[in-house]
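Two complexes come next, and they have one chain in common, chain A, joined by chain B in the first and chain C in the second.
Right after this comes the complex of A and B.
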């Protein structure tokens, strides 16, 4: 024990003179609780990127990345507390949980401390809008995803739609954006239903939709697992045969193992490993490190996040000063991540990234396309 | 009319599942005065067994048996390790213990299995539906209703005719007197836990086959519903638990079906207000337990 203590002391003493050559990143994310299914894969991706950069000598060959990690238990209050602790430890950047709601709880802390914060995978465009100058997102926005799927649905010849959403979080209200775009394109909304997150039984909703005459051409939802499979099975069992459209939350092995009910399902997500793509390379690397293939694109999204930090430090000429880094992130253009190129310049902190449109075919993922939506179609962020 | 009948079938299927869950809670509460909030984790365990069996290629019928057996075993082990040492402590102590067991299990699942939902392979037949005249009824709904009926008949016979069942009823009425008659406390309590595990296992199969996935926090919602149903029916009363489960199922389905669209957001609060309304008129629940204030071991 003593030996360990001495060697640790020695190591830290040796590390001291090099302190300026380290980027200290505070990670306040959900390792337990309801958001853990999304945050833990992102953190795995972050570790891969950090290990890769550090093994090559650090950012630009000289600045190592140090992660200070705290579990916020998917709780908004705990996120704020953990963020404050990380601020007190003098980190230069803070990584916040996947959902907009806990991330919003940390706004006051990061803004006061003037430290840039990036949410792992929150996709609500309201996050940087409310969060101000110091809040950044790391995912294609809900309004952009909904634009892509609504445009696809309309172009496929679908003219009527129905949405099922949950007012519980920002993310699960994505169908409202879908409805807005779909109507703008000339489609007709036949109605909407709401549910609560964690709802098990969708039979009443399914029966009501099955009784509609005429049936909607498409049903759009951003419900994610475990609710989504229940919803889909209930709809199909009730005899509803409309085209289902989902979003990134169902980009998961569960969706592909649902069998016949999921056949033809279409959803938007952050990336797709096309041949020769960065994502394919990342997936290989992930498998080498972890011994198994990634279960979700969220691993690669974590890698993207570190790539953004790396690019920001380089753009800031090696500075690890929080304010300098904020300005550097805000001006980044075309940073190559694992899933997409990422641009913050000219946005309010919601990055421009490509959206992949995926169809479930024979239980496998099939890429429909990676369209860039028409900017005039994208709805304004709405605060719930 | 068809629509109403269709929703009623939905309500029976959901209410039946709630009844099984509430019975599991009531079973343990009636013998030892404990509301076991770790009941949901018994379901999660059964769910993970279903998942593992699916991966290993075990036939679904056989994996159902394994999953139920695992839930029974887990319930008995839970009683032995966590609840026996605090059996004579106050109700609050036992309640907190059950929360602790629940959270420890959730974190273990998150860290040793996966934080993410895992897919459970469910036979295609359960996703299909059957037509009866104008009604479209999912096979899983029929399975849920049939299972509930079989389970209720089985439990009724068990509690009336089996030695341990009779002992459990005696203990529920007055534990001290039951012990004076030579009934062993350990047997009765372990029996109650085993039965509650059995109910959790059966409910888990119905629950999981509806959602085709299992995740570490899966047990939370069902145990909450079961708790509401048990209170609504009359805490500690087995018949009450069944009545409460069905009533809760009917309230939820009919609200989801017939509340105007603008009010749907308030479905859950309205459902709970209705529950409170029932409790105002029947403060001890629909079918109160006669031994509500009986002394426990």
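Right after this comes the complex of A and C.
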């Protein structure tokens, strides 16, 4: 009799967590290493969203979100290990680091486990393309960003361009998309240079570009810190005055603290807090929680990610089953995030989101526009 | 060829298998997560063992072995990657490679072979470096291979993730591979090459003097260890499914070296213990890293806790147990002390040689110092020649010239009708010349038996090595201590081990550099008796350097005297005692009366 009682108790105790309405989210992101400048603000944004939802009783007022966090040290192998551990812990969805490369390392694990995974802010369209059904991104794609910036450059009257990229990661090859679009529009490419991530010394490239005659109207790169500031300073020191165009990787406090050298710099990113926008509201909320205003859009991108998960759970009628969630995410339309509306339906996992063009003016961000690019201009994703 | 107790090897192999099986069974009870931790443990252990095969046996700490792990990972990954994915992500691959799609085991075999060949080439290039220069060279190797992997984008995807490798490394595969690697490492330790290499690690000069080619043995260990690293690399590649060059760089080098150093570099037992210890501590610290609550008290997340913890552990191990927690012996060597078979003194037969050793107008110049100046002496077969002179008169230099350690700046050393000037020191023993050293140069952490056996195995093609070893030990009366570590013996006993080791080379000429130094009267008398018997029984020629004139006078047929590098007297003991030049050299001028 006793035995029966104990086993009944045990069985009910074991059944309890499953019955409890909780969405277990595995978070394997880069809290240290090269990607930390992006993943740490994203995680701050995720926490704000999760706390907000849980304080309101959970998703749909009943499903609490539980985060299981691990540091992957910006490393591919570590991402694979951490993802596997999260799978072992039975999470329903996994959040992966900000770059396609470590995220690609988790493909095998999430595909085998059939658990949907979303990269915090990887923007390479090749990630969901190679990653298959279970891999999603949470950022405007590189090809879309490059299309926006190339179109802007051409419309501004710039006719010649030069690109500097690094073949070390998918993301840093974004300028190749830029070149493709810029030429398609009728612009002329004057040349290209490559560098390695962490190179620091860009004097050779700067000298080469300074020697060009005529000088390129624009120079496009998707290099980010700590390389980008060195590159920019080297170019300006060599006397290169071309319009610099960057990408979301430089949407960080560092860029706005560079002073005169960064003046006039234009880059694409995920959003801008226009008056009355969701992002403005988010920024207020962020300031309430943290005591200071967000310094980068990546905080809001983290918030977006949780809103996507929330929408998916609601769309799945409160299910936290991994496969059901995957299908729900893949069919989401116009989810209102902090930076933009987000649509996965009809894509391969690379969401449709708005792109904001920002100019650095007096050390502050100035919105140039939030154009929707012409679909026929957007290059096909490809592995570089 | 196996140089130690077969029982030890069998005990070790059995224990390895039992541990592996027990690990697999226990992990099976705890579920998938535990199985994965154990799989990583097995793969790490293979790598730690691989580094140990080289670093432990040669005494040269290698920072570069993860380069071989990386090569193994990339080569095997390229072979197993699905052809479709290869076409999509590695468009620069040659067609034959892009179309190749092997399964795990053949891919591992190819990866191990390719890595071994690369290691052989690198080993030939850097093998002549010694000590810390060799360690730094391995560091260079790590950096270079890392650079090549990053630079060779068409094949490796450069710094980007190499992904899509089939995740075929199951717990069972890792366990079997680990058992193979551990048994290979344990076998190597007591193999002929392993014993020679360990002797070289303990004392390179003495090892050469008994015929050991340390560089060659080092190369063998280097290639074997690289092959084991490649095995580990191939397994980790097929466990993770994705990796980048970073995986085979400083971070993991540090982690694996920590395991090896904490456990004890020179033994397989040490490699196993260190890997267990660090894995357990890492697993515990990793849980602290992401923050947790203990009894309602919230600990903040501190990323990096693991590295700090391991660093502290290394410091602790170095302060408390600088040889690692398991010390210098395998567990089975401690639990079952080995008593080598006693040999018969008669097994060393009388050897006769008609070869006369002629030192012909030899000079040795060290910068401005002429340590040996135009010295000519001859040693007749079977003769005991005393070589005396004040400190700094060039006696040891002369012995070093005869034994090939030094190449004379002028003159010639001739044995019979063959010149042996400039013959490598490790080849001199096979000419029938063996020696001892002024400062004892034993292999202190090897047993007395192994000290002598290493010499016997490395001379005369290793024929009858065990008989020669037993006989040499019996001749010197130290067979009682055969199973003990040479370094633990008393001074007098160590001197006798050194002579036994030289004797095991079956020399026709024995060079003894101050064999009685530090001995008391009784020990010296005993030594005199033994040397007399040896010379009579074996027909052995001896060149004896000593300051003990009683020893010299009683033993020597003839005495030559050196002073300030020059030969000042040559004759029978009685003549030398009366020679005014000798008296002056020893006592100073004006004391001849």
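Quick notes
Methods note: the second predicted complex is superposed on the first by the 364 of 384 C-alpha atoms of A that agree within 3 Å, B and C clash if a C-alpha of one lies under 4 Å from a C-alpha of the other, contacts with A are read in each partner's own complex, and residues count from 1 in each chain.
Definition applied: a residue touches a chain if its C-beta (ideal position, glycine included) is under 8 Å from a C-beta of that chain, and two chains touch if they have at least 3 such contacts.
Worth saying up front: this structure is predicted, and the values here are computed from it rather than measured.
After superposition on chain A, the partners chain B and chain C are seen to fit next to each other with no clash. In the superposition on chain A, A:44 makes contact with neither chain B nor chain C. Of the two partner chains, neither chain B nor chain C is touched by A:278. Annotation for chain A, partner touching more residues between chain B and chain C: B. Applying the stated contact rule after C-alpha superposition, one finds that A:32 touches each of chain B and chain C.
Of the two partner chains, chain C is the only one that A:76 touches; chain B does not reach it.
Across the overlaid complexes, the C-alpha centre of chain A sees chain B and chain C at an angle of 40°, to the nearest 10. Within the superposed three-chain model, A:167 lies in touch with chain B and with chain C [touch as defined at top].
Of the two partner chains placed around the shared chain by superposition, neither chain B nor chain C is touched by A:248.
By the touch criterion stated above, A:260 is placed in contact with chain B alone, chain C being left untouched. By the touch criterion defined above, A:196 lies against chain B and chain C together after alignment on the C-alpha atoms of chain A. Least inter-chain distance for chain B and chain C in the combined superposition, rounded to the nearest angstrom, is 6, based on C-alpha atoms. Applying the stated touch rule to the two superposed structures, the overlap between the chain B and chain C interfaces on chain A comprises residues 31-32, 167, 196. The part of chain A that touches chain B in the complex is made up of residues 31-34, 36-37, 40-41, 167, 191-194, 196, 198-201, 203-205, 207-208, 210-211, 225-227, 229-230, 233-234, 236-239, 252-254, 256-261, 295-296. Interface residues of chain B, counted against chain A in their complex, comprise 3, 6-7, 10, 13-14, 106-107, 110, 114-119, 121-122, 124, 127-129, 136, 138-141, 207, 210-218, 220-222, 252-254, 256-257, 261, 264-265, 267-268.
Chain C makes touch with chain A in their complex at residues 31-33, 36, 40, 88-89, 150, 153, 158-165, 167, 236, 240-244, 246-247, 289-290, 301, 303-304. By the touch criterion stated above, chain A contacts chain C in their complex at residues 31-32, 69-71, 75-77, 79-81, 84-85, 88-89, 101-102, 104-109, 112, 130, 167-170, 196-197, 383.
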